[in-house]
Amino acid sequence: MKLSRLQAFSDGVFAILITILVMDFRVPPYSSGHLLAAVLRQWPVLAAYILSFMYIGILWLFHHDLFSVFAKIDRNVNLLNLLMLFAITLINYPTALLSDTLMHHERADLQVAFMSYAGVALFISLTFLLLYRYLNLHPELKSTRVNAQSFATITYDPLRSIVIYFLSIVATFFSVSFGALLLVGGIIFHFYAYLHLSRRLIV
Amino acid sequence: MKLSRLQAFSDGVFAILITILVMDFRVPPYSSGHLLAAVLRQWPVLAAYILSFMYIGILWLFHHDLFSVFAKIDRNVNLLNLLMLFAITLINYPTALLSDTLMHHERADLQVAFMSYAGVALFISLTFLLLYRYLNLHPELKSTRVNAQSFATITYDPLRSIVIYFLSIVATFFSVSFGALLLVGGIIFHFYAYLHLSRRLIV
Amino acid sequence: MKLSRLQAFSDGVFAILITILVMDFRVPPYSSGHLLAAVLRQWPVLAAYILSFMYIGILWLFHHDLFSVFAKIDRNVNLLNLLMLFAITLINYPTALLSDTLMHHERADLQVAFMSYAGVALFISLTFLLLYRYLNLHPELKSTRVNAQSFATITYDPLRSIVIYFLSIVATFFSVSFGALLLVGGIIFHFYAYLHLSRRLIV
Amino acid sequence: MKLSRLQAFSDGVFAILITILVMDFRVPPYSSGHLLAAVLRQWPVLAAYILSFMYIGILWLFHHDLFSVFAKIDRNVNLLNLLMLFAITLINYPTALLSDTLMHHERADLQVAFMSYAGVALFISLTFLLLYRYLNLHPELKSTRVNAQSFATITYDPLRSIVIYFLSIVATFFSVSFGALLLVGGIIFHFYAYLHLSRRLIV
């Protein structure tokens, strides 16, 4: 398979996933004349949507730059990419859990929602880690756009994300707000990791 | 990231969004033998679908011509484009509110639906405004297909849209019909702005 | 806009539409231990799905060959294409009406479903007619792959389809089966028209 | 139609199908404070999702390599490909049946779900068989990347799959677990067939 085909397929999955998230925005149940209150009560749907749109958007940018590191791909890269896409599509589920539980404010349920989200995020970072490792073990796949040293400094970013998401899961046991903060922090860290990677590519 | 990749991804989001809108067309609840009446009562779903299909279609044409102004893109253009796509996917929600409230004719609910729609439209135009500004501040990104002067005349179009949608929101407080008229007017104005832009590109 | 971009966008809409149709296949309500009977009662969903998959598949092949007649496109072709895609996405709705009414066998409801389907099909053929006319009036858009004479023989195909679907609507008033037969006949006729067109292109 | 266009359309359908599967992951009904138990009871949804994601992912890889055997395509290949895509989109339905019946553990219903899944898989393999046959009968479509002999050894793979899925259906009558095992075995066999084919292509 050619690299461009893998990229086009992955872009397709990203575009679909980021768009179908909006389908969780449904008309809320409301009694005639009180739509406004019902719409305002839906703020968690918007909040969860913004979080996941941002997250998937960053993952897409990241995925793009990561694969521009490859000069060619082999069958294992293809399978690792499918595993990564699998992990990413899962985001849809904790997003829905988050919107729902944030509307009811029950602590135990909120913990489940935030932990599921952080768990999926941890899984996604794990698939990135696997791909980075594989790339390090197979330098023949690397394009000459990145020198070995600068790539080495990037290679621990997925591990850092995994630690953040793991801490988020643990923290949620004690404080939902603190766990949530770490989760959002993890996603913002992805953005820095992306800037990190993309700057290396330009050099 | 190459410009062509950003365009393909954006095209994908537009194509998905414009197609999933049709999924709000569901079989209405009906008692045996009275489907016709139930289907006819669904005219607002069709009306809202036509409005949003038209709107997204124009945005797609617009987006296409706007990005043909670019000779290359940088990271900020990429992020602004994601923000713009985010705003555009939101259309799905006020479209559903519109179909639903038009079926029940309750004034207060209709106001919420039309204001939400105009609010999303205003947000979309705002993202266009940001992109135009960014492009004006970074002439090195511009292709030579557009001369500086003719682009300057276009640059206020998003601002004009924002004013129209803002007036639509205000007007809806006093008269739903007049607010709706301004909303539709705003979308038609996009079409003229598109013709405006696309003519400049040919020159 | 370049022709290739319009084709890619249209292909995207076709691919999405043909795939989301399958989402109407839901797990039927059933009492424990009686899933088989419930699944078998769902045969109309399968029948409607096969019909619409076939129809959209043919329209896609048709669309492809039709646009290979163009050497270039202008703004009006773009708008006519959006109108055509709008008409085609509507198929989703009568498909759902068909699955639902075929499960309940109420004559009046079946009439509504079949007429809606034929109505949408008539509208689709109308947009093809408009595009053919436009192409005939603007020979400068035509590629040299088709000679004027052979294209003239094809040019009445959409009109023929419109007549078939119109007859189907009328027939449904008197006999649902006969109306349905004409509808299926119309879709099969598209297939012949497609073979017709694609053979002309090879010459 | 050019081969690249057929591939892009097929890739689109695969990308959409593999992504919309995740939409069956809905927030489960739960009483306040007991989301965790409700989420854990949903394990069959995850299991069915993993199975189908894996299956569609392999089919995509397979489809890709299979079409790289073609030097050009004709109209019949196009129609056979549409039939194949039709069969593949059907996977969505037995996946939903599987998630649902695995949550209720009623033997008769589980049999229906597993048989439907194996039935769809058998149908998919049948369309592959047809395409292989057609390709063998029309050597002029074949690229020179594959020599006749090595292709001949691959040509029975779809037949082997059909036998496995047929045995799975029969076995399900006697033992659901054994039928399920054969089904999963069939999907794993696809993976080997894919490796088989892709290795032939490299030679």
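Going in written order, the chains are labelled A, B, C and D, and every chain counts its residues from 1.
The rule is simple: contacts are C-beta pairs under 8 Å (C-beta built on N, C-alpha and C of every residue); 3 or more make two chains touch, one makes a residue touch a chain.
Here the structure is a predicted model, which means the values were calculated and not measured.
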Inter-chain centre distance, chain B versus chain D - centres from mean C-alpha coordinates, in Å: 38
Separation of mean Cα positions, chain C and chain B [Å, integer]: 27
Contacts with two or more other chains, residues of chain B listed in rising order: 8, 12, 16, 20, 23
Category of the chain touch graph - line, ring, star, complete, other: ring
Complete list of chain pairs which touch one another: A-B, A-D, B-C, C-D
Residue ranges of chain B in contact with chain C within the complex: 7-8, 11-12, 14-16, 18-23, 25-27, 30, 32-36, 39, 50, 53, 57, 60-61, 64-65, 195, 198
For the chain B and chain A complex, residues of the former touching the latter: 1, 5, 8-9, 12-13, 16-17, 20, 23, 75, 78, 82, 85-86, 89-90, 92-93, 96-97, 100-101, 104, 106, 108-109, 112-113, 116
